[in-house]
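Please read through the structure below; I'll follow up with questions.
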Amino acid sequence: MTKVNVGVTDTTFARYDMAKIAIKEMEDNTSKVNIVRYTVPGVKDLPVASKKLIEEHGCEIVLALGMPGPEPIDKQCAHQASLGIIGTQILTNKHIIECFVYEDEAETTEELIAMCEDRARKHARNVLRLLFDREWLTRHAGQGLRQGHPDAGPLKP
Amino acid sequence: MTKVNVGVTDTTFARYDMAKIAIKEMEDNTSKVNIVRYTVPGVKDLPVASKKLIEEHGCEIVLALGMPGPEPIDKQCAHQASLGIIGTQILTNKHIIECFVYEDEAETTEELIAMCEDRARKHARNVLRLLFDREWLTRHAGQGLRQGHPDAGPLKP
Amino acid sequence: MTKVNVGVTDTTFARYDMAKIAIKEMEDNTSKVNIVRYTVPGVKDLPVASKKLIEEHGCEIVLALGMPGPEPIDKQCAHQASLGIIGTQILTNKHIIECFVYEDEAETTEELIAMCEDRARKHARNVLRLLFDREWLTRHAGQGLRQGHPDAGPLKP
Amino acid sequence: MTKVNVGVTDTTFARYDMAKIAIKEMEDNTSKVNIVRYTVPGVKDLPVASKKLIEEHGCEIVLALGMPGPEPIDKQCAHQASLGIIGTQILTNKHIIECFVYEDEAETTEELIAMCEDRARKHARNVLRLLFDREWLTRHAGQGLRQGHPDAGPLKP
Amino acid sequence: MTKVNVGVTDTTFARYDMAKIAIKEMEDNTSKVNIVRYTVPGVKDLPVASKKLIEEHGCEIVLALGMPGPEPIDKQCAHQASLGIIGTQILTNKHIIECFVYEDEAETTEELIAMCEDRARKHARNVLRLLFDREWLTRHAGQGLRQGHPDAGPLKP
């Protein structure tokens, strides 16, 4: 069976190895994907790494993992990276699922690690759904799903 | 009769199923469209989903629905998504009508739901007008039309 | 005589019909242009409408009219629209003269209407100059010309 | 001898004729360039004017001069213009040297005029260096050169 | 042996010659690269200079060095430059490693110089790793590596 190439880009700047979690989650859930990993220094290097995975390594979809620092300049870098990730998707017609955890998003290290793991796992599953089960996503449209936090759930009147 | 393909993109992040409202509004008003729906995790995934609907699913126009959260980072995500939606339109020469409702735009859940329904319905009608009745829009140019709120109306000296 | 196609894009969101003023101004000043009007819901729809006017309707130049609302989100929408308008110009090598009036730019409704009319008229003339009399613009370079306000005039040492 | 076409774009919005200063500076320093000037209403029209100079008028490089006003909206316009100027360079592989003076950058009119003249002159020389003497720039790398202000100079430990 | 062309872009605006440090670091570590240097006036000129190095000088990768000033406008310029650098990477499928040091990032001149040297050296090594040893980067994924500062290290639960 021909497998689908799935790209995973991540950084040496991040302080937690989310790629490992995400790759395990995908491999535990399917044998239909072949993971291609590409690690870069920081989040601003993710757009071109993702584009190379798509155009030079034949990936159908990419999961881009990053952990921006707590300073304003770090958030600006993340903003630039996000714009580049969206631009790359538009130019390639392929999804790049962005999974960023901000270093100041949690109050304790334990919480931050739990958030990294939850977000990486759930976005890994989103990657598989976009590839193999888009119907699942439509069934959950408007349901307030969250990654890194408990689901917010749908609005109740 | 050949129908026109109309794309509808929405998210699992949103807390209300605006697509259902919008699709019903379009189908109640015309039998000339064929709806193609594409649900993604969050608003930043809408630009490429819209582009795929246009280029891979033959859609003439897309309605992109999202409900950004209340945090500053959520607003930044929505800003990035909007820029991507505009970029996609420029590259494809097709309209993508953005219908976003911010989770903190209303004071109560009831109001927020009413706003979602009104905005989705009115933008669904805008999609049909761009396809079949551009003259209607020109007749209402400068009239202060609103979606999700009552019309502001034209300036009165 | 073959006329030059001039596009005019405007919105139903705006609360004043600036296109009417601008079109009259152009038609009063020349018989060499053929106006093609395209009305869309809001300012974020102007970039693609302008691009369609250029590429599908053969317009040599476009005047894009909009009236963003007073809220921060409205200003962000206008910012996105402006970026899209600049992007469209770069991709097409055609001018799109942006004529936006912010709803909170004047203190009274009368002032706001006067500002709309002045800006629309002056930018309509700028469109004609870019088409037929670029020399006029160079003669007025650095002269502090304004639209919607009295001219600031050149700096005097 | 074939001359190199050098574009100069400027605006009627500006309150000082920086193009005149810059053109004189270039013509005083070399007989190898042929200036092509293109005046537009405001800074947001500079990107496409620069692109037209490059692609339709055969310019090898462009100097883009502007004087944004003192209001927040003026700064946002300048930001959009700058992004468009960078985008144009990337699409054409030609330099566009941006020379903007903010109307509130100096405290008196005399200072503002002096700043305009200094910045226009120095960037005019930068244009010539990029064309004919890139070695000069590398010799001055990291030297804290400024335009419109005295040079900051290199850091001294 | 054919060497790989590595581009280095830097500015006359910067107050420290980081390119010299970076080039020495690369040449001390490998004989497989051929450095091509391109100095421009300021950070906003880096995107097109990098693109020219890639497309006209055959560079496989570029290191872009800059030192934005301490004012808000300087930070906005850096933001624009960063977006242009990301855009250039996406269009060329080549990495451009951005190495910016903000003039107000350190408290003393000594610290600022040390930061420049550390960041330039470490990013020079990142360039070599992206070219010749991507495996190294993956081994250090999520390890909290920093340039210009001591490494933050991985999160410890």
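Read from first to last, the chains carry the letters A, B, C, D and E; within each, the first residue is number 1.
Here, a contact is a pair of C-beta atoms (placed from the backbone, for glycine too) under 8 Å apart; a residue touches a chain by one contact, two chains touch by 3 or more.
What you are looking at is a predicted structure, and each value in this text was computed from that prediction instead of being measured.
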Exercise. How many steps does it take, at the fewest, to get from chain B to chain D if each step moves to a chain that touches the one before?
Worked result: 2
Problem set entry | Shared interface numbering between chain E and chain A [over half = same, under half = different] | different
Exercise. What angle, rounded to the nearest 5°, describes the rotation that places the Cα atoms of chain A on chain D?
Worked result: 145
For this session: Compute the distance, rounded to whole Å, between the mean C-alpha positions of chain A and chain C.
Result: 41
For this session: Give, as an integer number of Å, the spacing between the C-alpha centres of chain E and chain D.
Result: 25
Exercise. Could you say which residues in chain A touch two or more other chains, in rising order?
Worked result: 83, 87
Exercise. What topology does the chain contact graph adopt: line, ring, star, complete, or other?
Worked result: ring
Exercise. Which part of chain D faces chain E closely enough to touch in the complex?
Worked result: 79, 82-83, 85-87, 89-90, 93-98, 102, 123, 126, 130, 134, 137-138, 140-147, 152-157
Problem set entry | In the complex, chain C residues that touch chain B | 10-20, 37-41, 44-45, 47-49, 51-52, 55-56, 67, 69, 73, 76-77, 80-81, 83-84, 87-88, 91, 109-110, 112-113, 116
